[in-house]
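Presented sequentially are two complexes of subunit A, the first with subunit B as partner and the second with subunit C.
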Partner chain A sequence: MASSGGAVPFWRAAGMTYVRYSNICASLVRQCLKEPYRSESLSREKVHFSVSKWVDGKPEKPVVREDSAE
Partner chain B sequence: MAMASFRREGQRLSSMLYSHSINALKSGVSSQELAPVGARSISTQIVRNRMKSVKNIQKITKAMKMVAASKLRAIQTKAEKSRGLWQPFTALLGDYPSIDVKKNVIVTISSDKGLCGGINSTSVKMSKGFRKLNSGPDKEVKYVVLGEKAKAQLVRDSKKDIEISITELQKNPFNYTQVSVLADDILKNVEYDALRIVFNKFHSVVSFVPTVTTVLSPEVVERESETGGKLGDLDSYEIEGGETKAEVLQNLTEFQFACVLFNACMENACSEQGARMSAMDSSSRNAGEMLDRLTLTYNRTRQASITTELIEIISGASALTG
Partner chain C sequence: MLRLAPRLLRRSLARTFADVPATPTQDSSFVQAWQKINPNLDPPKTPLAFMTPRPPTPSSIPSKLTVNFVLPYQSELASKEVDMVIIPATTGHMGVLPGHVATIAELRPGILSVHEGSSVTKYFVSSGFAFIHANSFADIVAVEAVPVDRFDPTLVQKGLAEFQQKLAIASTDLEKAEAQIGVDVHSALNSALAG
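Our next item is the complex of A and B:
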């Protein structure tokens, strides 16, 4: 994981944040498990919320994010 | 003069109402359920209906209290374990609410559902107070709102300052992945120098304290540590791995925000369940008191009507014989 001073790690260069990178690694680890632990831990990965940006004091249409750890 | 006569009229009317409805007033029946003018007392049917509905309400609130208690137990262990996530960050990067930056973003965490006491209003009050504290020339403050209740309250007077609003957070039981995706979204869409997260910290079942934690952006951290300000001894740490300090700081602050937000969401959820428990408890107690009062009124009216019937029978009989 050491990189030459000044060069960014590959995921940062690809536009990912550290949080997203660690989430992807975590989901990879979760998929390595065997049953029954696998389904238990995959249930800890569910994501559901609805975001709506506000412009000039008015909410836009809310977008529901229902992916699993994307 | 006209006002005086109006007042006299009003007093006369109210005294008339009083004499007709002295029983009704004692039991708190609303004016639409009063017996028609001329009847001697309220019919027992009305009181019985009211007793039935109050009893149902008492059962429902008791059930809600049990549900909140069981949910609280489940979340409480999770919240206490999540405290270990951000404590190293505070030890390293510090938590300075008094830091003075240009772009403040206030993240207010609240619940989606109601009936949970006053915790949402205290969070919103605190956020508004912070906004006042941080407003000034060339300083801007924006809100990121989590939860329906805070959104409803903030929309009323701070519509222009809301940046993003997020709802439907509690559909699945809390996990770190959801909160980190949320944190990621917020970080991507909002420019900030300092993020202030306002939530209710859970101390015990009866005490929820509104608190604020501050997460700084990497530029501000760099600036503070260079000028030897509050984070002056950050440079005394060694950095492994050949990454530059700026990169490390960026990773750290992103991760710090996700962890702090996770803990804040859990604590707020605990506080919400605890507040709902105590609200439902006091509500069922009030319903019980109301039921007692209604029972007394009911018995009194029942006995009064029986007595009147007896009197009529006896006086009729004595009129016939005597």
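Our next item is the complex of A and C:
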């Protein structure tokens, strides 16, 4: 494997992390499925979380984000 | 009442965890320090004590490969004994037989085939890793793995054309990388559906 610090994968060279690469591959594969499987699998891509930014050591109001298929 | 607790606890623990080696996986210096402070209570079990020990490497090559193939949302194969698996590693398709040298392989989008007797099951894997251990156990983890007949060829062709176009007009490194990923995944799907 290329671990000598020489050739890195093209996505790493472009600044992408492995997690992002893997998720992009998975969502592309899901887009190519036949109908009943496709809608089941798109439900797997949905995320639901709440984020709150911290300013001066205090949390601001949390924002609930619900993304599906970025 | 509290004095009887360790004895009752020991008896119930002995019944449920009889097959797990208790003392070898406990840190002896911790146990001694515990005994000094409270000699009446049994030292707490650490997570390591609950783990089943790794199956040892047999001296002769086993006849079957044990495969655990898992996805984030379900486990496709759980300790299934097979003859061979062909995994789509970044270095090319790799055939794994019992007695394979211990390897960690990163998977690329491609077909994973499981050969058992005369039957072959093929999955298209989006990406993941395969860990092959010295004792002929293989753990394969993938984000998405779908049997090949669940794909729609027209969508695949459309996607390939779309990403080839995006690759041609891409300007920044990130756009180029994303378009390249699209082209790789769709062309792998294309050859999977054709062959």
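Note that the second predicted complex is superposed on the first by the 55 of 70 C-alpha atoms of A that agree within 3 Å, B and C clash if a C-alpha of one lies under 4 Å from a C-alpha of the other, contacts with A are read in each partner's own complex, and residues count from 1 in each chain.
Going forward, contacts are C-beta pairs under 8 Å (C-beta built on N, C-alpha and C of every residue); 3 or more make two chains touch, one makes a residue touch a chain.
The structure displayed is predicted, hence computed values, not measured ones.
Of the two partner chains placed around the shared chain by superposition, subunit C is the only one that A:A13 touches, whereas subunit B remains out of contact. By the touch criterion stated above, A:R44 is placed in contact with subunit B and with subunit C alike. In the superposed model, A:V64 lies in contact with subunit B only, and not with subunit C.
In the superposition on chain A, A:K34 makes contact with subunit C only, while subunit B stays out of contact range.
Between subunit B and subunit C, the partner in contact with more residues of subunit A is B. In the superposed model, A:A26 lies in contact with both subunit B and subunit C. Comparing the two complexes, residues 1, 9, 22-23, 26, 44 of subunit A contact subunit B in one case and subunit C in the other.
Contacts from subunit A toward subunit B in the complex involve residues 1-6, 8-9, 12, 17-20, 22-23, 26-27, 44-54, 56-59, 62, 64-65, 67-70.
Those residues of subunit C whose C-beta lies close enough to touch subunit A in the complex are 73, 90-91, 106, 109, 124, 126-128, 143-144, 146, 150-152, 155-156, 159, 173-174, 176-178, 180-182, 185-186, 189. Of all the residues in subunit A, the ones that touch subunit C in their complex are 1, 9-11, 13-16, 21-26, 28-35, 37, 41, 44. The touching residues of subunit B, when paired with subunit A in their complex, are 159-160, 162-169, 171-172, 175-178, 180-185, 187-189, 241-244, 247, 250-251, 254-255, 257-258.
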